[in-house]
Structure formats: C-alpha cells, structure tokens
Amino acid sequence: MNASGEFLVFAEFIALALLSLSFLLTVVRVLVGPSLPDRVLALDMLVTIAIGFIAVIGIRTGFTLYLDIAIALGLVGFLATVAFARFVLSRRYEQEFVRRDTLGIYGDKEQ
Amino acid sequence: MRLSLINIILALIWTAVSGSFTLPNFIFGFLLGAAALYLIREQVGSLGYFARAVRVTSLALLFLYELVLSAWRVALLVLSPKMDLKPGIFAYPLKVDRDFEITLLANLITLTPGTLSVDVSEDRRFLYVHAIDCSDPEELQRDIAEGFERKIMEAFR
Amino acid sequence: MEVALSFVVSVFFAVAIYLMLSKHIIRILLGVSIFGNAVNLSIFTAGRLMREVPPIIPEALPTPEVATASPLPQALVLTAIVISFSLFAFLLVLAFRAYQELGTDDTDGMRVAEPEGEPMPPLGY
Amino acid sequence: MTADGQWLTFLALLLPFAAAAIAPVLTKALKHNAAWLLALAPALIFLHFSGFVGSISEGETLSAGYVWIPSLSVDFSWFLDGLSVTFALLITGIGTLIVLYAGGYLKGHEHQGRFFSFILMFMGSMLGLVVADSFLTLFVFWELTSITSFLLIGFDHSREASRRAALQALVVTGLGGLSLLAGLLVIWGATGVTSMSALLASESALRDAPLYMAALLLILGGAFTKSAQFPFHFWLPNAMEAPTPVSAYLHSATMVKAGVYLLMRLNPVLGDTVAWETILPLFGGATLLVGTLLAVRQTDLKLMLAYTTVASLGLLVMLTGVGSEKAVEAAVLYLVAHSMFKGALFMVAGLVDHESGTRDVTRLGGLRKAMPITFVAAVLAAASMGGVPLFFGFLAKEEIYAGLGFAGGWTAFLTLVALIGNGLMFAIGFAVALKPFLGAKVETPKHAHEGPILLWLGPLVLGGLGLVSALVSGLSHQLVSSPMSSAVLGKPVTVTISTVPHIGMPLVLSVVTVALGILVFAMLERGRTAMAGILTAIGWGPDQGFDQVMRGLTRLSFRVTNVIQNGRLDYYMTATFVAVAAAVLIPMGLYDEWPTVPQFPRMPFYEWTVLLIGLIGLGAVIYARDRLTAIVSLGIQGFAVALIFMLLGAPDLSFTQFMVETLSVVILALVMTRLRLSPTDHRPTGEKVLDVAVAGTCGAALGLMLLRVTQVPFNTELSEFFSQYSRVIAHGRNIVNVILVDFRGTDTLGEIAVVMIAGLAILALVRIRSVKPLAENKEEG
Amino acid sequence: MRTLIFRTVAPYLTSLMILFSIFVLLRGHNEPGGGFIGGLIAASAFAIYGIACGVSPVRRALYFHPMAISGFGLLVSAISGWLSLAFNVPFMTGLWTKVSVLGVPVDLSTVLFFDIGVYLVVLGSITSVALALEEREHG
Amino acid sequence: MDDLFNILTGLLIIIGAAFTLIAAVGILRLPDLYTRMHAASKAGTLGSGLMLVALAIFAQDQAIVTRALAAVVFFLLTAPISAHLLAKAAYAAGYKLWGRSVHDDMASPASEAAVSLDDENIKEDQR
Amino acid sequence: MAAETIDISNAMLTAPTALGDWMLVAPVGLPILFGAVLLMVRHETRLHAGIAIAGLLLTLGANAALLLQVLADGPQVMTMGRWLPPFGISFTADALGASLAFVATLVASVCALYAMKDIGATGRRYGFYPFLMLLMAGVGGSFLTGDIFNLYVWFEVFLISSFGLLILGSTDRQLDGATKYAILNLVGTTLFLTATAYLYGTFGTLNMADIARKADAMRETGPLMTLTVLYLLAFGMKAAAFPVNFWLPASYHTPRIVTAALFGGVLTKVGVYALLRVLVMLFPVERAELSGVIAWVAAGTMVLGIMGAIAQSDIRRILGFVVISGVGVMLAGLALGTETGLTGTILYAFHSVLAMTALYLLAGVIKELGGSYSLHELGGLYRTYPAMGAFALVLMLAVAGLPPASGLWPKIMLVRASLDAGWPWLSFAILLTGLLTTIALGRMYILAIWRNRPGQAPSDAATGAPGYGYGSMALLCVPIILLGIYPEPFIRVAEAAASGLLDASAYIGAVFPAEAAQ
C-alpha cells in the first residue's frame, strides 16, 4: 500500500472515531432530552451521522453498494421526524403535558 | 421547476427502461426528455426552460457557498468556550408569493447561516425565521431579501 | 464476534422480556419490538458472522471470489423482520383500539373478557 | 353356526336400534298403538334367541360375529351360552311386555315416540352387552346402557329431580364404565386375549397374572356401580324419577343386572380366590341389609321396590361371591325369579299410580275391586318375591339357604344376613302387592279403574310366569337354570330343586324367613318410623354425598381455575417466561450443554460503539420517564441493530431494518397521538425485582444457548450452494434476494400473506367500531 | 401538518421516493433491494403524502383501495408460483425469458413478477395502515 | 491519479466527520431546541454530504457518483423540511424559546391563526 | 457464464413434475389465490361466501386426492423452485400431514357455510373470508411443509389470520381477548423462531428430513436436549398445554362463534402436529428422555383443563377449556411415544377437530335459539328443538369419549397405550378426565338443554332459524358418528401417520431418493 493509501486508512480511522464520538454525544441528547422535540431532533441527527458512517464504511470496505442504504435513509429518515412533529402538534392542547415536559429546563435553570 | 422535474422523471424512466442506470445514460435520457418537453411546449409552456437553467445553477452555487459558510459559523459558535447567544424569531415579509418559491426560500434559509425557517404565516405574507443571533432582525431581513429571495425571483420569474 | 453478539442478544432478550412483564400495553409493545430484534440477531449470529463482505456476487464473476457473509441467515432474518413488523403494527393498533374501547392501557384494568368476580356456574341441576 | 344364522343374529342385535329409529315416526302415525308393532321387535329377537336354548342346554356354546376394528382386535362378535342366552331372553321377553306397557302408560304423551325410541335403544344396548364376546364391544354396549338410561331417567326433563337422577346415574355408572374399561384393558394386557370366549378358555391365566388384583378391583368398580352395590347404591332409587316402564325395565332384568352379569360371566376366571370370596359377599351382604332397611323407610311404592332391588342385587352379588355350586345355582334362580317378579311389581306400582294418581302406600287401599286383574298380578308377583312355595321365588330361596348353609362362621354370618334381608323383602313385597288393594277404600287423587290391556298384560304375564316356571321346574331347569349355572361356574352342573321342599335346614330357614316377613309386615308402620328416626339421626348418606361431591368439584374447579386463569396478562407473561428460563437452563444443566468459556472478542472500536449505542438505547427504553422518550429510545436500539447488520455484511438487512424501524416509530407516533399519556411504569418494587430476575435469567439463558450453538462446528453447505448457483442458474447477483424470491420463495409467499393480512386486520380494527345503537349502519364504511 | 412548505414539497418528494422505490425493486435481484424494501419506501412515500396533504388525495392518487392493491400483489406473486404448472416444473420455479422492448432486450422472469407482487403487497398494506391511522376518527 | 483521489477522499471524510462531530457537540451544548436545530440542519447536513461526496470520489464509478449526488440532493431536500416541521410543531405545541432569546415575532396573537392544525377528515373508504 | 458450462443436475431436479404432485401445493396455493381474489373484490360482499366455499371445496378435493395418494404410495414430496433438497423448500406430505390437512379443510368448509349466516356485510367487507382462506393456507402449509423455517412462516400466516378473525367486530371483549391472545401467541411463535435459530446454528440446515437424518451425528456436539425442550415449550404454547395455555381461555369465547369454532377445531391441533413432527420425528431420543415431563404436562393439561370447564358458566368458555383438556389427552400419546399412543393421539386429533368445531357451532345455535351463552340463563330448548337436543347429545358423547361418537376409540387407544407402557397413573388421568368431561358436559346438557328457562315460559326464546347451524352440525356429525361406529379406516390412517413418525425412513427417502436407493 502506498502513502496515499495509508493516509486514507488513517483518515478512515479518524473519521470513524469522530463519528463514533458524534454518535455517543447525540445519544446523550436523546437520553437527557429534556423535551420530546429535543429527543426527536437528536434521533434525526443520528440518522444524519449514520449516513456519513455508511459512506465511510463504504470507503473502508470498498463495498460502495452501502450507498443505497444512505439514500434510503436520506429519504425516509425524516419520516420519523415528520411523524413526531405531527404528534407533537396534535398534542398542542395538552398544555399540561408540555409544561411538565419543559418545566425546570428553560425556565428554572437558565433564567 | 415542474418541467425540470418532469424532465428528470422522463430521464429516470429512460434509464429504467433501457436497463442501465449509468450517468451517461441518465444524461442521455435527460436530453431526450428535454426534447420531448420541447415538442409539447405549447401545452406546458416550456419555452424559457433552458434560459432559466443558467439562473438556477447560479442559485445553486450561491446556496452551496452559503451552506459551507453556515456550517463553519456553527462550528465556531459551538466550539467557543462561552457561547454568547442572542437567539430569537423574527418575521420576514415575503415578496415571493408562489408556494414553490416560498418553500424554496424557506428551505434555503434553513440551510444557511444562523437562520431557520419555523413557519409561514397563514396569509403567506410573513416567513417566521429563527435566528441564532437575532440582535438585529432588520439586518437579517435585508440579507435574505438581497440574497436568496432576489436570486429566486431571478431564476423563476 | 459471536461472543459479543451473544452477550448483546442476552441484553436484548432481557430488556424485551422485562418490558413485556410490565402492565402497560405500550411498554409491552416496545418489548415485543425489541424481542423481535433479539431474535433476528440470534438468527443472524447463529448462522455465524463474517465482517463486512456482503453476499453479492461481483458483476464480472459467476460466483463470489472471496468468502462472503452467509446469505441464508440474512434471508431468514429478512423474512422474520417483515413478519415481526407486521405483527407489531397489528398489535399496536390493537392496543390503541383496546384503549379506546376499554378506556385503559393498563393490563390489570383489561378485564372484560375475563371479568373479575364472575359467579360460579349453577350448583343445582 | 351357519352363515345364515350368524347373519340373523347380527340382524337381531341391530333390530332394536332400527326399531328405535322408526319409533317416532310410527308413533306419530299410530299413536299409542304403535306399541303393538314395536313390541314385535323384541318379540322376534326373543324367538330368535329361544332357538339357541336347545343346543345350549346340551352343553354347547356358540361364538360368532364379524370383524369390526381389526386394528384394535375388536370384533362385533357374540358369545352365546347359558348365561348370555338367559339374559337375552329376559331382556327381550320382559322388553316385549315393557314396550306394550309403555304404550298404555304413556298414552297421549307428547313424546311417546321419543320414549319408545329411547327404550328400544336401551334394550338393544343391554342385549348387546350380554351377548358381546369382544371385550371392547361389551364395553361399548355397557356405556350405551349408561347413556340410554340417562335419557330414560331424565325423560321427564323439566323436573329438577329427574335431571339430577339422570346425571347421577350417568356419572356413577360412567365412573364404573371407565373402571370396567381399565379392567378389561388390564386383562387384555395381562392375558393377551380380547374376548370373553377366549378368556374363559384360558383357564386360570388371569388368576395367576400379577395384575390379577388390579383387574379384579377395576372390574368390580364397573360391576358394583352398575349393580348399585353399597356405597354406590344411591343412584338407583333416584332413578325412580323415570317413568315407571323405565323403572320396571331397568331395575328388573336389565341395567342393574348388568353388573351381576359381568360378575357371573367372569366368575370362572376371576372367582375362586380369597379376594373374590371376601369382597363380593362383604359388599353384597352390606348392600342387602342397607337396601332392605332403607326400603322399610319408604312409603312410595316405587321407592320401596327400588330399595328391595338394591337388596336383591346385594344378595345376588353375595351369592356369586360365595361361588359354591349351590350358591351359584341359587343366584341364577334368584336372578331369574327377581327379573320376573320385580318387573311385574314395578308395572303394578305404575299401574296403580297411573289409575289412582298416587303411589304413596299410605294413601292407597281397597283397590282390589276396581283393579282386579292388577291385584291378581300383584299377588302372584309378591308370592314369588316372598318365596311362597309353588312360586319360582321359593325355589330360589330354598337354594339360597342350601347354598349358604351354616357351614362355618363366615357363611353362617352370610346366612343370617340373607335371612334378615329375605324376611324384610317378603314384608315389603307384600306391602306393595297387598296394601293398595286390601283394606278399606281410600280416596285417591284419581278415580281408579282397571287399566287397559296394554297396562295389565305385562304384570299378569310375568306374575303368572313366576308360578308356571316353578310348576314346570324340570323343564325350566333343563332349559335355563342348569345351562346358566354351568356357564357361571365354568363347569357343567344340573339344577334339581323343585317345588317339593327339601327337608332340613333350608326349609327351616325358609319358614323363619316367612315368619320374620309376616312379623315385619305387621309392624311396617312402626319400622318405618324407626328407620326414619335413625336416618335423620345419621343425617347423611351417599346421596347427599353425591351433591356434595358435585358442588365441591365445581367449587374446587372454580377456585383452581381462578388462580391459574386469573385474567391478568402480566401474570400470564411471568409464568410463560419463567417456563422459558426453565426450558433452557434446566436441560442445559442436566445434560451438560453449557457453552465453553469464550475468549474476549476482538473487534474494531466502532463496532464496539455501535453495540454500545444499542445497549444504551435499550437502557433508555427501560428508564424512560414517559412513553415518548421510550419510543425515541426504541428508535436508537433499532438503529443500532441496523448498523450491526451493515457492519456484518448484510446490506439488505440493514436497509430493511432502517426502514422498518422508521416505520415502526412512525406508526407508534401516529397511534400515540390517540393515546392518553400517563407515567410508564408503576409496578411496586417487589414486583419489579421479580421481573428483573425473570427477565435477566431468561435473557442470560437464551444468550448462553446462542453462544453454545455458535460453538458447534458449522455446516455451511446451504449458504455455499446458494452462493454457487445464485448467479449461474437463478440469474441474480444479490444472493440474499435470490434466496428470498427463488431458492426460498415459498417463505416469502407466506411472508407477504402475513403482511397483507396484517394490513387488512388493522383496517378492520380501525374501521369497525363496536356496535353502538344508531351508529351501526354508518360505521360500516 | 398541512403547512405550506411541507405541502409544497411533499408531492415531489413522494414521486421521487416512488421512483426510487421502483429502482430499488428492479435492481433487487442484483444489488441490495428488492420488492420488500421497495414496497416499504413506496409506502413511506404515500405516508408522507398523506401526512402533508391529507388522506383523500392519496386515495385518489392510488385509485384502487390500498388493500385491493395488496390483494392484487399477492395474486401476482401466487400466480408467478403457479405458472410453473404449465411448464412441468415445481411450484415457484423461476422461469426466464428474454423479450425485446423497443429493440432493447429485457429479462422477464416469474421471479421478477413475484418480487413485483411482494412490492405491491407491502405498498398496499402499509399504505392502508398509514392512511387508516391518519384519518381522524370520531369521538 | 489514485493518490489524488485517495487524499481527497481522506480529507473529505475527515472534514465531514469533523462537521458531524461539531453538529453533535452543538446539539449537546446549545441551550434550546431551536438553537440546536441550527447545528443539526447545517453542520450535520454538510458533514454527511461531504462524506457522501468522498464516497463518490473514491468509487470513481459513474453509477456510484450519480447515486451519491442523488443522496446529497435528497438529503438537502429533506433536512430543512424536517427542521421546519419540528420547529413549527414544537412552537405551536408551546415549547418556549430559550429564556434569553431576544425577539419573538411569532408570539403575537396573529400566530394563533397561523397554526393550521389537523388534517382532512375523510371517512370514506373508497372503492 | 454460458449455460452449457453448468451442470444443472447438481443443483436442480431434472425430472418433470407430475400433475399429481401439485396436490401438495394446492392446499396452500389455492387458498392464497382465492384469498387474494377475495381481497380484491372486498366490497362485493355478496360474492364472498360463494368464492370462498368454492375455493375451500377445491382445496378439500386436492387434500383428499393428496391423502389417497399418500396412503397408497407413501410420503409425497415437491421441492419448490426445483432446487435439490435440502436447498429448496420441500413440501413433504406424509399420512400425518395430509390427513390433518384434510380434516382441517373439511371443518373450514363447514365453517364457511355457517359463516354465510353468522357473518354480516361488515364482517365480510373487513375480510372474514380472506382471513379464513389465509388461515387455511397457513394451516395447510404448516401440515405439509417439510422445512422448519417454512413451518414458522406458515405458523405466522395462520396466526395473523387468526388475529384478523378474532377482532372482527371490535367489541370490548374481543379487543381484550385479542390483546392477550395476540401477545401471548406472539411470544410463542417468537420462541419457535428462536429455537429455529438455534437449530439452524447447530445443524446448518432447515429441511426436516435432513435434520432427521443428521440428528444422530449432531447428538455428540449439539445442545439437542435444550433445543428440544425449547421446541416443546414453543409448540406446547401453540397447542395450549399447561402451564402455557393462558391465551386460549382468555380469548376463545370472544370472537364470532364461527371463528371460535374454527379456532377450537383447528388451531391447537397445529401445535400438536408440530410437537409430533419435531419431537417424535426429528428428536426421538430427546423425546424419550422427556417423556416423563411430557406425561406430567399432559396430565396437568387434561385435568386442569376440564376442571376449568367445570368452573365456567359461559358455554363458550366451557368449550375453550374442553379444547385444552383434549390437548392434554393428545399430549399423553406424545409422552408415550409408542405406536399405539401416537395413533391414539392422531386419532384424537381427528376427533377433536371435528367435535370441537361442531360444539362451538352448537353453542352458536344455542345462543341463537336460547338467547344466551350462560348456564344461568339458558333453558327450555329441548322441548322446542329436539333436533338440537340430539346434536348436543351426540357432541357431548363425542367429547366425553362415549359411544357411539368419535371420542371413544382414541381414548381407548391412549388408555391402553399408557397401560402397556407401565404408566397406569396416566391412564387413570385420561379416564378421570373422561369422567370429569362427562360431568362438565352432562351438566351443561341438563342445564342448558333440558332445564326449563329459569323464570320464564319454556318456549319464550324461540326466535332464530337454525337452518345453517343444523346443516353445519349435521355435516360434522356424519364423520363424528362414523368415527364412533366404524373407526377402522380412521385408525388405519392414524396408524400410518404414527408409524411414519416413528420410522422416518420413508419420509427421508421421499425427500432424498438417492439416499434411499443406497
């Protein structure tokens, strides 16, 4: 393997490391929330990271066919977000729920 | 826009039917589709189609530039140890009024620096935009009006 | 790799079962979904693992030139995913309809088919 | 037997069922007069079986039949000897009279045709029982008598007492039937024979078999329940709820005699052992005493007769158990006599009831003028029952005392029992026969007349036969008593007793019996009061016991079922998963199928990351405060699974998993918009700990099993085959897809059927609303 | 969810996804994909359409009831299997033929029809579910 | 030529992954939903887009290039819409802006009307 | 890759397929075709019954032809896609599968007839007949497939179809019952799938004949005991064996009666079938090790089942527990594992399919004429509807194992087999169960049929026209009585099935003819 090839392997390693870290950080946001839209946003972000991850794995293994999965993710990944958005919207009138959901996050801590 | 999409669809159909999904074949299909659209120009009004393509390309390039810039700014903001944020939502008065144009504008705004389209008012006169730095809403409004909105109007009118 | 997967599968099973043991129908359904994943991973692992090489024959060759991941378990898992998804969707809507009709999503409260305090059958003749 | 004869016997056995089939139609057309036609059936069968008497009296036996169920060694075969032919004649002879009697008794009853049908079916079953050779054929007929008697006893189904009596008879005799079945199967297993004729020919094979005791007890279980031996006697008096023709038939020559028949039939192979000679006399004697004492208590004519039937059955069992030549002869004589006089007396009782509207002996009297023929029949029957000289009953009684004798302590005791029993039966027999007719005329609910010929013909014939058969005792012994005794004893014997009394102990005992009987007859009222007092003091009997058992069974079942099937899904799930954990861990432990300790896996860091994300997602689902968080977290683990698939060379799986997870979350979210949100989990801590234990054990068990499986050397033949031929024959480069649509396309066909049906079922779920008034039609979108 | 922005983009997005789904369906025999994944993508497309623009435009667009489409898909798949009957080969045997469409040789096979059936079943069923759930109910 | 492509690919994936990480950090650090969305919809999109482009360059196969570009386009098409929908829904549902937000034009009464809720209500089960 | 370089005979069967072989596919393929068509004409509800009955009768004909073929020539095989076994999915019909498929289709046809009355336009529009057809496809597939993963797929097909049938009507009781049914059954089939994953991981094959011939070799290395116990549990759950039978009493009384009839008759028998197939044919050594456990399970199931029946007031719930009790009786034969025992089990399965279906239909007629299912409220039927009294009697005798109906001979065989095996306690349990069944159903009979309607005039409830019910029951009573009075042909079939299980060589030889020739 020549130098550029070694660089590529190194780059893959770095990229995968960064992506792994990104995954974990985003998962933390899913866990801590605090509100439902925050979690949904983080889930959406996971999909975004996954697309990159797939691309890097495709490069690493040479099996570019993984790209199709990325395309599908790009297309449908946002379906979940749409569904949740729709859900959040439909709960608009349940003010109580939202209050509980947001209590002590934007209100207490930050202000 | 609609015509171009139809053109793309025609191209895709071509690739499917011809059984080889390769870029040259797609481009060939696209050209065939364009020709087909040209044949029916009187019914669908595709006259300015090719001229407009140039302006669309220019819009796309602007967008790409803005996207990179935007990502860079987010990076700086996020990585700065003390984030100094003045976020807020401002109402942007729309000049464009077609659904397609509003949508395009909103999406471009979302993908570019510090702004994010939240909603369009019911009367379609305002676009509500969330800005990460909303200390000067007028400045932001001006940027949009001079930038994307103007380009969109150039490209699609 | 099978070892790691076996461990992961254990946790999947355990979590799925823990959820299914609760009294809330939605939690049970989440458990069902995870249960399905656990089984799918089991099938996949049981067919032995192979890193990264998909069972797809290169365009130029009649058969794969290198060892690929085992295709059969993948096909089995695919079938199983589809089936468990269908069942999951059904269960979900069923739970929702049950909630509508019964007014509860707590299985302790779902006592219509087998109500509490039913009388004994007649003791005479 | 010639082929023609075999065919005729076969027809004869089926004829009652054929007659039963046409009875309703016939009765609809001819009303009660259908009895004359229907009675032809048993009469013809009687004639058919009479034809065998000659050859059998010369010591022949006949067995013939057809192959029925060769796989189970069951033949539809019959065995004709003195015992079975006598029974067949009694069943069909008395059956003829009963059919006629029923024609009169149920005249105008709306379901008379049904009644004929039932009683003819019963007759057919009983007939089949006594002639059956194959064990299982016998058993089938045995059970059929239980079932048809259920229908007959419950004939008057709108009364609770009838229903109770019917069920009771069904349960008690059903219990016996199962015992009999087990007994027969044990005999089959022990001796290898499957028919009575073969068993009788096998000499002492059964007696020497190690399972003799089991076989004996099981057979006795069948015989004692059917023949109403104490403590199973209670169903018989209750069966008096049936219309009188039923009582007259079931309790004279049939049903209850089936047990006795069985004991007599098996005496040559089961008898002559200490167990036999102890158990049978013991239970028989007890039954005799209990039956007579309880009979004293009764005022209802039918019940008085019923309890004496119990007593008589006890006597028969006792005699059969003693098993000596004389005792068996006595049993045979008494059985024949009893069939005749008891049939007659029941019919008399029914006739009195039918004409006067009551059968309470205390409310009857002075009917001799109004019902002279009935009176004659009653007296004739009672004389036989009481053992008055010149009657067949007398022969029986003489032979009983001759058979028992005063030989030793045990038989002396039995003789005493017989003496007391016979004395009491004498009294009750005459009470039934005389009390309604003699004395001053008592006002009865109906104004009594002599009944029509259909009603009095039966009792008169049977009563008369009791006299005639004794007068021609030489002939009747030759044709009936001796062959039957020989059959029961398993060796040729000749019965000689005649109407001329023996001089000696039997005569003395007979005299004592009569004296005792007259004494009791005179004091019957006082005895009745005394018995009533005693019974009240005891306050409990097997009859109440039956109710208690039934109620107790229901209550017990109710409690047990409510514990097991308690309607709580979480309990069901817990039990199920405990079973899962046990199903994996126990065999794994017992058969040492544990996995070996594995090496720590070597994997690149990003694979660890993906696994970690999956595990975090799982944890998040559990710890989620609300369900929405749980759903989002569900997305994480599904997502991780998809990445695992991708990293392990399964793009199709990864693709599908991403799609499916997304759609799962979408559908969850769509549905959740309709659900109220409440906290996710409020189980008490104890329950949570239990659940954690169960889930953890299960998970570990299934994971261990997976690990174990992956340690088996693997045969990759299938996957190799698919790789090899996927492209060259199936024209596809994506092997997974080729498996799905070609190699294993049938799986996929089923899979899409699942998808389709799930879609339809969900549509049905969403669209169909439970019926609410008014909205019904609109909802059918 | 009928916001102007979403409503404007959704139809295009839907048609794009449908195209992509057919692409995935047709190349499934050689590359990752196939009827099932294609069907899922198509169903997602209609779900998005339905969420954005309401259910009745989707129903009108599909013309047939989604469950009827699903039934048709099953029929197509089953018939692909039964076709073997005419060729003295067992059920579900792949039968291949080349036909010329406008001079371009195209491989036709029962296997392809089978996969199309799978696609239709999944499309029909999942769409039916999504639409049924999307429709607002009474009470 | 291969060397150039290798290096380009390597650089693109590192940059792309870095942007993705920045987006993730942003999601974690930024104070409210609306500001976090900025990180996700910009840095995240760019990051993954770059890595897809890297794949296209690496593959040097027209079919792959086409699909990679298509993926980027699809992605650019859907990302802003999901951001918009989520933001709008969250706002309409009552999730407040961060306390130190300086401006809120949507908080006017007119915005009540701006929320057009809920969807068509068709009961028919046509054909 | 030119075609001529490939020797197809290494991968594919080259012999042409005879038309008769298609009888193997028809019991699955026809219902799927008809189900699909029915779905396409979903709104033409008037056509449904006709199409479905036509489809079922065709299927029944194919089943009959298959059964005759199997009885005459031994196991029949068709390997799908022409791929050599074990690579393709082999449908393999032996006497067991073919006979059960036939009986199941028979009762399904009768149910389809009854459904013409029981299922209204709404039920039809929302898929009653497609559900029914696909249920039968699943059941038929389960009985005929020779591939264990394929068996799982057919299990799921009939499971999801049963869900559909169960919720048709959407009353609160149905939804409650269906929830428990669905979740517990899902656990059951998922366990089945898990076990199959382990099996594949151990054997590397899925073809049952292949597994059967490799089991001896695998016994050294593979965890076959654990595997077998897992299958026992999974299929035991499907068969509703104690202690994993909760789902059945929780749900069988909730759907439309025709659905309950079909379920009560057919579904648990598929579980029993799978137990026989897997435990007896694939893992005979393990089964023998487990026979004691199975015997206890059998005894517990039959006794607790019938006690459950005694404890109920609702006729449908009584019947649900009677179904369970019958499963216990069938498991007795599995525990014994002898030819007589298995023959008894299979014969009992025939009986149970017919009798339980008929009993549920009877319950439907009772409800229609008596206005209730509750023993507390019913009565006064005997006087007005003697024919119903007769049907009820025959069916009661059938399940109680009394002559002249179908339950007698299988019970005798099982008692005999357990005595032969030296397990008198098991025969005692069977006989006790028979007695308790007599009590349970006898009580039901006298209370519901004989007794006058509590508190009302006897003939008040006379409302419905029971024509369909009588017709359906009559159709079922014919084989029920035939099995009672002339069981020989049934026993022959059951015996053939049992011996085919015990000696799998014919089955294996049919799938791998080359091996048989050696």
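We just call them A, B, C, D, E, F and G in the order they show up, numbering each chain from 1.
By definition in this document, a residue touches a chain if its C-beta (ideal position, glycine included) is under 8 Å from a C-beta of that chain, and two chains touch if they have at least 3 such contacts.
None of these values were measured; they are calculated from a predicted model.
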Graph separation of chain E and chain F (steps between touching chains): 1
Minimum number of chain-to-chain touching steps separating chain B from chain G: 2
Comparison of A-E and C-G (more C-beta pairs in contact): C-G
Distance-maximising chain from chain C - centres being C-alpha averages: D
Chain whose mean Cα position lies farthest from chain F: D
Interchain centroid distance [CA atoms averaged], chain C/chain E, Å: 25
Cα-centroid distance, chain E relative to chain G, in whole angstrom: 35
Set of chain C residues in contact with two or more other chains: 20, 28, 42, 45-48, 52-54, 56, 62, 72, 76, 78-79, 82-83, 86-87, 89-90, 93-95, 97, 101, 107, 110-111, 113-114, 120-121, 125
Multi-chain contact sites of chain D, meaning residues that touch two or more partners: 160, 163, 167, 550, 554, 558, 565, 567, 569, 573, 577, 647, 651-652, 655-656, 659-660, 662-663, 666-667, 670-672, 674, 702, 706, 709-710, 714, 716, 718, 722, 724, 727-728, 733-734, 740, 742-749, 751, 753-763, 765-767, 770
Contacts with two or more other chains, residues of chain B listed in rising order: 21, 106-107, 117, 119-120
In the complex, chain G residues that touch chain E: 13, 16-17, 21-22, 25, 29, 32-33, 35-40, 42-43, 78-82, 88, 91, 130
Complex contact set, residues of chain D against chain G: 68-72, 114, 136, 139-140, 143-144, 146-147, 150-151, 154, 157-158, 160, 163, 166-167, 170-171, 174-175, 178-179, 181-182, 185-186, 188-189, 214, 550, 553-554, 556-558, 560-562, 564-565, 567, 569, 572-573, 575-577, 579-580, 583-584, 586-588, 590-591, 593, 702, 705-706, 708-710, 712-718, 721-722, 724-725, 727-729, 742-747, 749-751, 753-754, 756-758, 760-761, 763-765, 767-771, 779-780
Touch list for chain E against partner chain D, complex: 28-37, 40-41, 43-44, 47, 66-67, 70-71, 73-74, 77-78, 81, 91-92, 94, 96, 107, 109, 111, 114-115, 117-118, 121-122, 124-126, 128-130, 132-135, 137
List of chain A residues in touch with chain E within their complex: 65-66, 68-69, 71-72, 75-76, 79, 82-83, 85-86, 89
Sites on chain A touched by chain F in the complex: 2-5, 7-8, 10-12, 14-19, 21-23, 25-26, 28-29, 35, 37-38, 40-42, 44-45, 48-49, 51-52, 55-56, 58-59, 64, 67-68, 70-71, 74-75, 77-78, 81-82, 84-86, 88-92, 95, 98-99, 101-102, 106-107, 110-111
